[in-house]
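Consider the two complexes below, in which chain A is the common component and chain B and chain C are the respective partners.
For the complex of A and B:
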């Protein structure tokens, strides 16, 4: 119990529960299976990228270029499948391949030039996105193939609401779950996962990790290609969700994703963060925006509310950390002897 | 089989412009406890780095391990030969558990791809059993005490087939009890034929554990001695090449109002019930282990760490302790422990660093700086503290440690403080510069300033101060008059031998 109360996740979970109760009290439609499955579907796009961001943050890096990677992967995928047909496997393969290559570029820049990761990714974000706009001319793609639309409507299981309208667990959510399980296995049961935490835990000086025999470059390559992989998957998922491909629809969301992961307890200093926390962070932001919609709050207020939630959470955990740090000296209770 | 595990001949290393090591011979026997002693900059760390393969020696150097000539050693090769180094920073991962930390090296060494919690726990338990320690496997290493972290680092080294364990300044942050625990482990290793090499400059400890001592000075080997042939004074002479004699600081407290009076100062998680008085002209030492609350107390007096309760009076006026500005205006100066980060603006010139605290007093009309007075002021301080510097425009980072510390002192002396708090005033400074700094401090005190020295160097406190407070776990444990206390007694008080 004491352990549980020390964990950041516990507090995020309580916040999710509290928020659910408040929103349900204001609008009972919120607390329905249909709405939950809908939330799971709509936040899978951000949720998939959040898993990639979690891996980056654990390793002690920060990447903001992933939205550009997702967009590039998505756009190229859309061009290929609209021009030359294909199938859903090919669609994912194209976007993922692009994600891996662009991730590799990030990793190489970070490792060989030893530039702070955030600076590298600010640069690559602009280069990737800029090139896409140059070559695409910013053109939207409205007509995606029929099979692409059909796939998006696939449900893992189907239920009917009181009005007889079908709903269910979307295939898109299943893809998210696949990414979650993959990341969980890597973080928990592989030496690579351990190395990630080790590299992230030693801060700016990577000496301790090197001395432990960890190949820092390999870890970096994994981190940024995995980020590219999730960005590629997320790019396709976003196209499945909205059925239109616009070059400017994803870039700009990067800070929301990072915010969700940080809300979930991952540290920007590296070395800390869990899948459960990240999922809770994503849910918290999703429920917040879904709840605000159900409560008919003007959408302008979303950003303000989300900003306030992030500030509250981050300052709360900073305070907790500070208290923890100050406990370093166990002052003797009473003078004896 | 020869009884030598490692022998080195003619080992030299030259960095650009500096001869870090000059034809050093060095050897370690199997299962021996050997100590490497020397001042800062004597070449100790370069020698360790060469042994561990991190740094390559210059041509002509010969290294033999296990009767095999070693040509181009890398750190991986030296680990394969059974040489493990525990650096001062321990190289642990504070965000990971004890068992994850201990098992990590072995898991990576084995090129495994998967890990199981159970397997990690087994590796960790096996390593701990070898030396008879017991640590909570699931605890985060960052939450452990320094002593336990040291043991985690040792256990991790033991997961490989270690023949020589090198520990760089292992006792700096440990309490007496923790040091005893560490020494027990070293004795256990010895019984298993594993050699240990301590790098230390704390004399007392060397004699307790080591069989032989090799002393380095200015990159050259002074010699290797059996511990039974040495004593404190002899070793100190070998390390420094000079006999340092501290004449105690005689201070007769005049029967007047104290300059600074601290009453029941407490801050949760920092220190509790701290009370003491400081007379003008007095040099008061505040000592204790790392984490005893000494630095936190100093920061509180300087207004950087607001206490929860208690009062501080300066010449009878109550200090607010709420901000640095108020403390400085009241007449308190503070020279921080880490002058590189906290005390100096390294890329800026010596002159600017000196006047930064007093620049307001050098303003002419319209609030502009009076250039002439500015220059005179700087020259005066450079002269008064005999700071060796090509010009007042040279950046501070180009100076030696001793001269940098003089610049910090000048900066605070220029404010004409009533009380000057010095945290670790001679850390990283060579012996000659040290005694010069001590002279400056004494002169300052004689002029009526109350000086507080925060230091963990017992010899320094004993030789410079007239009185010392010993802190432990946030409380003042002892107040000792230096004239009637030996350095050894002070050391015992710091390491709480009696507790």
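For the complex of A and C:
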């Protein structure tokens, strides 16, 4: 119990529960299977990218270029499947391939030139996005193939609500679950995944991790190509959800995703963060936005609420960290004195 | 080795290096577009555009010197701008107000600077006392202020200011654009504070080694809070120039400046790890960036291509710095 109380995830979970109770009290429509499955579908896009961001944060980096990567992957995918035909596997393959290549560029710049990750990604965000708009002319793509629309409507299982309207677990949510499982397996059961925490825990000087026999380059390549992979998948998922491809619809959401992951307890200093926490962070923001809508709060209040939630959460975990640090020093003093 | 050191010494002199780059850019512009680039009109346009970016970059640089980053600087500027605009509209409604509005302008500027000060205090307290990392604190602040800005304006544009206020961004004194004078004054003041006062020394110390600074009996929280307050106030001054030039205020103005403020500081020799960087370097970097920007504009280059080029220059400058640090280590 004590250990549970020290975990950040516990508090996020309690916040999610509290929020659910409040929103349900105000609008009973919130606490229904249909609404939950709907939330699971609509937040899968941010949720997939959040998994990638989590991996980057664990490794001690920050990436904000992933929205541009997702946009480029999505746009090229849409151009190919509308101009020539294709199928859903090809759509994912194209977007993922682009994600991997752009992720590799980030990794190379970070590893070979030792540039801080936030600076690299601020640079590449603008390069990727700027060039995409130049080449695409900023044109929207409205008419996606019939099979693309059909795939988006696929349900894993189907239920009917009281009005007889079908709903269910969307295929899109299943893709999100697949990414979660993949990341969980890598983080928990592979040497690469474990060394990720070691590299992140080192802070800026990667010397200790290197001396422990970790190949830093391989870790960095994995981190940023995995980010690219999730961005590519998320790009297709977003296109599936809205059925329109607009080059300016994803860029600008990077902070929402980072906010969700940070709410879930991942530290910007690296070396910490769990998938459960990240998912709770995503749910917290999703329920918050869904709840605000159900409570008929004007949409322009949304950012104010999110900003306050982020500041409260990061302050709470910083204070907790500080208290832990003080306790460690006290223990040390007691031992030596 | 002495000979090698002498021959390559200029590489380590930021000012000399940047001057060479500046002359090179000037020559390039002269070759590409000789007639239009050197026309008085273009030079004046450049002199009007540089200050708002320059003031924001100064605000970014001060925080980068402490080893942090201020992602909320644009949102903070917009907050100040919107508050000034609301004050102007309350005291001097554009439909009925007739005078020049000097007094009203002063009140609006004071209100805007006060807002910048409060944002700086909040950022500083989060970083210094609560212990939140600068990226997270200013990121949260950016979201919060962005939201507040939308709530205050409901997403609309507030436009139409009295003539005294418009002078801030559009007036000239003896042919010199007033914004340029503001920028010159601000960089002189910030330069003096950073390079000639004990506080400035403490900022550089903090950016170089926080632990050593703490053990040197320097109050780290006080240094941090003052730095963020300076940054917030500079953002407010930048906002005055910006909304006066546009004759309107809105949430979301100048969002593309965030990248360029970091780029200007880095190009001017400010280390992203803190502790190094001079105001003269920043000013030269701003002149270079303004010339490139105007040059591209005259060549009618797509705005998004320009954005991509900024990104490329940022990465290129960082690669250049990497090799310079390496070369310096070898000579030593």
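Keep in mind that, in the parts below, the second predicted complex is superposed on the first by the 328 of 337 C-alpha atoms of A that agree within 3 Å, B and C clash if a C-alpha of one lies under 4 Å from a C-alpha of the other, contacts with A are read in each partner's own complex, and residues count from 1 in each chain.
In this text, a contact is a pair of C-beta atoms (placed from the backbone, for glycine too) under 8 Å apart; a residue touches a chain by one contact, two chains touch by 3 or more.
Computed from a predicted structure; not experimentally measured.
Chemist: Please work out whether A:198 is in contact with chain B alone, chain C alone, both, or neither, and reply first, second, both or neither.
Modeler: In the superposition, A:198 touches chain B alone.
Chemist: Touching A:165 in the superposition: chain B (first), chain C (second), both, neither?
Modeler: After superposition on chain A, A:165 lies in contact with neither partner.
Chemist: Applying the document's definition of touch, where does A:89 land relative to chain B and chain C: first, second, both, or neither?
Modeler: Neither chain B nor chain C is touched by A:89.
Chemist: On the A-aligned overlay, A:190 touches which partner chain: chain B = first, chain C = second, or both, or neither?
Modeler: first
Chemist: I want to verify the contact counts: of chain B and chain C, which reaches more residues of chain A?
Modeler: Comparing chain B with chain C, the partner touching more chain A residues is C.
Chemist: In the superposed arrangement, which partner chain does A:272 touch: chain B (first), chain C (second), both, or neither?
Modeler: first
Chemist: If we count contacts the way the header does, which residues on chain B are in touch with chain A in the complex?
Modeler: Residues 75-76, 87, 89, 91-96, 100, 104-105, 107-109, 112-116, 268-273, 291-293, 296, 472-475, 499.
Chemist: Using the touch definition from the top, list the residues of chain A that touch chain C in their complex.
Modeler: Interface residues on the chain A side: 62, 109, 113-116, 118-120, 122-127, 129-131, 133-134, 138, 255, 258-259, 262, 268-269, 300-308, 310-311, 314-315, 318-319, 321-322.
Chemist: Where on chain A does chain B make contact in their complex?
Modeler: 189-195, 197-198, 200-202, 207-209, 211-214, 271-272, 323, 326-332, 335, 337
Chemist: Could you pull out which chain C residues touch chain A in their complex?
Modeler: Against chain A, the touching part of chain C is residues 69, 126, 130-133, 135-137, 139-148, 150-151, 154-155, 258-259, 262, 266, 272-273, 302, 304-312, 314-315, 318-319, 322.
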